[in-house]
Every structure is written in C-alpha cells, then in structure tokens.
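After this come two complexes, each holding chain A, first together with chain B and then together with chain C.
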Partner chain A sequence: MDKLLVLISKKPYRSIDARENFDVILAASAFSQCSVLFLGEGLLQLLPGQQATDSKVKVFTRGYAALPDYGIDKYYCESTDMEKWSLDSKQLIIEPIALSPSETDELIRSFDKVLNL
Partner chain B sequence: MKFMLAVLGDPNHCPAPISAYRFADAVLTAGHEIHRVFFYHGGVLVANALAEPPQDEPSIAQLWQHFGNENNIELVACIASASRRGIFDDSEAQRYGKPASSILPGFILGGLGQLIEGTLVSDRTVTFGS
Partner chain C sequence: MILLHTFNSPEALLKFNHRINKDDNVLFIEDGVYCCIDNLMEFDCRRLMALQQDCDLRGIQPAESVELIGYHDWVQMCTEADNHLSWY
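This part shows the complex of A and B:
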C-alpha cells in the first residue's frame, strides 16, 4: 500500500476549508497508509477545548482524537511551530512528533505521495 | 510524468483556478499527462453554470470547460464542497429538492476518493490553494 502524507496548514475556524480538509484525511485513510504533517497555523487545529458554539460552527477538531481508529497513527509537526505558540505536544488532541526543518524535508521525501492542502 | 491537479481556490477570490489552468496547459504542451483535475473548497465554483462574468472579462469556467473537452480530461467537482456552495447535477438537485441543476456541462460531481485515487496513481499532485 502506498504511503501518503497529507500536509495540513490551514488554521481551524477561519473558513470551511480546514473542516473539509479533515474529510480528506478520513478519505485518505481508506485508500492508503496515511500520515499527517501539520504545518504553520495548521498545528492550531490540534488545540483541545476549542469553543465555536457562539459562531455556530461545528467543532470538527474533536474528530482528530478518532484518527487512530481510522488507522492513522503517525502525526508530525515542526518544532519551530511548537515553540512559536509555546505548545507542548502532550497537551494537544493527538501527539505529533516535532521535527526540525531538515527532518521535515527528509520526512516529506520518504513518502510515496504527498498531498498538500 | 503523470500529474493530478487539485484546484482549491474560489475563482472570484484568488488566482488559483487560472494559475492551475495555465499550469495544466503547460503540462500538456511539455508532453506530460494529466490524470484528472479535482475541484475542491471554493474551487468548485468554477463549475457554476449560473455564474455569468461581464462580457468584457474572460470566463475561467469556459477556459476549463474547453480544456477538459479538447483534451479529454476529467473535471471533477467534489460533491460535498459543491452542495455547500450551490452546485448540483440533476440527481443531486432532485435529491435535495432544488429547482434545477447548476453544474456546468463538462464537469461532473465526484467524491473525495477520486482526489485520493488520483494522488496515488499520479507521479505528482499539484494543489492550487485558496
């Protein structure tokens, strides 16, 4: 089975795009051995306890907790993004592996296919 | 080389659909192959048959329509993104009780599986983002 890396870089609630990209991850899990790399503001999708009730938006980010049930158990991010927002991977909905820029390059090259969203 | 293209940007808000079109044209001119063009997010609005740009402006939708037809390349609009944005084919219009179909001829509705399958069988997937 091909190894597919999905790149997620949209912040969670600015538009419907991030919600739709979550659906791509779920679809990808049915066709491939899928991993996810969170880049830039995309990492903010993994913050727990997001409240979107007042803006009448579905809190889709809770769904990340279910990804292991879809066979997706490898998540990555960049350590520079973790530092930028003072995040600890243990506090996030799922625990990504933080990579240096050169490790990120290596990771992307190690996959058969890459889908940049 | 075989390419899969994903057009994510709304034609009225960003240059993604026209950039993708120019890229697609260059890909074929260079002798490469395009497996499929998948329209997602606001990109599905390229397939809106009810939109009418002013007569003195080029129609991105018509450019794509012509490109798909001339080169026999599948133009797929994501069915979920499309229904959110008012793009329906006959059967979806009927299913949701809408008064009419609104998808431009030459485009078809399809699922995310077609984006993933296209990515897996192509050498490169190039996204034109929102």
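This part shows the complex of A and C:
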C-alpha cells in the first residue's frame, strides 16, 4: 500500500477548498496509508472553539477528530508555526507531532506520494 | 531523492521557498512566472525553470539563470522526479 502524505497549507474558511480537501483525506485513507502534515496557515484549521453563527457555514474541522477512525493516526506540524501563533498542541482539535524544519523536509521525502491541498 | 516544486504565484513562493532543497528542481507556472522578475529567487536549487507559455502570455523575460521549458518537458520532469510538490 502506498504511503501518502497530505499537506494542509490553507486557512479553513477562505473558500470551499479546505472543506473539499478534508473529504479528499477521507477518500484517500481508503486507498493508501495516509498521514497529514499541517503547514503554515494550514495549522489554523486546528484551532479549538470554532463555532458557526452563520447557518450557511459548517464547521468541518471538527471532522479531524474523527480521522483516527479512518486509520489516519499520524499528524504532523512544524514547531515554528506553533510558535508563530502561540499555539499549544494539546489544545488543538487533534494533537500533531511538532517537527523542526529539517525533520519536516525528511518527512516529506520519506513518502511515496505527497499531495498538497 | 529529487523533488520537483511548482509554484503558481509569488505568494506561494514567499510562503514555501524554505522547502526547497539545493538538490531539488523548481518550476514556475501561471502567475508564478512573475517570480522571475521580482527578485524573489533567494534559494539554491538544482534546476530553475519557468513555463515558456506562461512567460510569453505575461510578457516576462526571465533572467539567464532561468531555463524556459514547455509542457512536454514538464511531463518529463514529473516522471523523473521522485515526488512532485505543487505549492499554490
């Protein structure tokens, strides 16, 4: 089974993309061994306490908490991004493993396929 | 291990240029070709390329350090690279 790394690098609500991309992760998990790397602004998708007061918007990011049920249990982010927004990994929707920039480069290179969403 | 990075805008390059390793190949496509005239190329890489069609359309004449390639070359690059990272 191919090892797939999905990169999440976009903020959650600017367009429908981020939500569609979440569905891509779910679908991909059926065909490959999937891990997720949150990069840059993508990490902001994991901020806790997201609430929709506008009924047209759905808080899709809660779905990340369900990813272990889809066999996806490895999440990564960059420690520099955590520091940039003063985030504590334990408070996020899921707890990603924080990597140094060089570790992140190694991680990206260790997968068969990389998909940047 | 060779990665092919494509950038489709100067913003994408600004955000993710630190991902480029000196052994990687870099290709600018779409609005990314504006990077060629914007002094944004502060990184080391193996081959630095821009898509000829996209440069022509925008009237961009890249510096000599930038190789101009076509769609067929791009396909070739993809097949030769171990992975293709699309930054957008």
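In this text, the second predicted complex is superposed on the first by the 116 of 117 C-alpha atoms of A that agree within 3 Å, B and C clash if a C-alpha of one lies under 4 Å from a C-alpha of the other, contacts with A are read in each partner's own complex, and residues count from 1 in each chain.
The criterion applied here is as follows: a residue touches a chain if its C-beta (ideal position, glycine included) is under 8 Å from a C-beta of that chain, and two chains touch if they have at least 3 such contacts.
Quantities reported herein were computed from a predicted structural model and do not represent experimental measurements.
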Touching partner for A:108 - first (chain B), second (chain C), both, neither: second
Partner chain(s) touched by A:83 [first = chain B, second = chain C, both, neither]: neither
Touch count on chain A, higher of chain B and chain C: B
Partner chain in contact with A:40 - chain B first, chain C second, else both or neither: second
Touching partner for A:30 - first (chain B), second (chain C), both, neither: first
Which superposed partner A:95 touches (first chain B, second chain C, both, neither): neither
First, second, both or neither for A:116, with chain B first and chain C second: both
Doubly contacted chain A residues - partners chain C and chain B: 113-114, 116
Chain C-facing residues of chain A, complex: 7, 9, 39-41, 101, 105, 108-109, 111, 113-114, 116
Partner chain A, residues of chain C touching it in the complex: 1, 3, 15-16, 18-19, 21, 82-88
Residues of chain B touching chain A in the complex: 6, 8, 40-42, 78, 80-81, 84, 111-113, 115-117, 119-120, 122, 125, 127, 129-130
Partner chain B, residues of chain A touching it in the complex: 2, 4, 15-17, 20, 23-24, 27-28, 30-32, 112-117
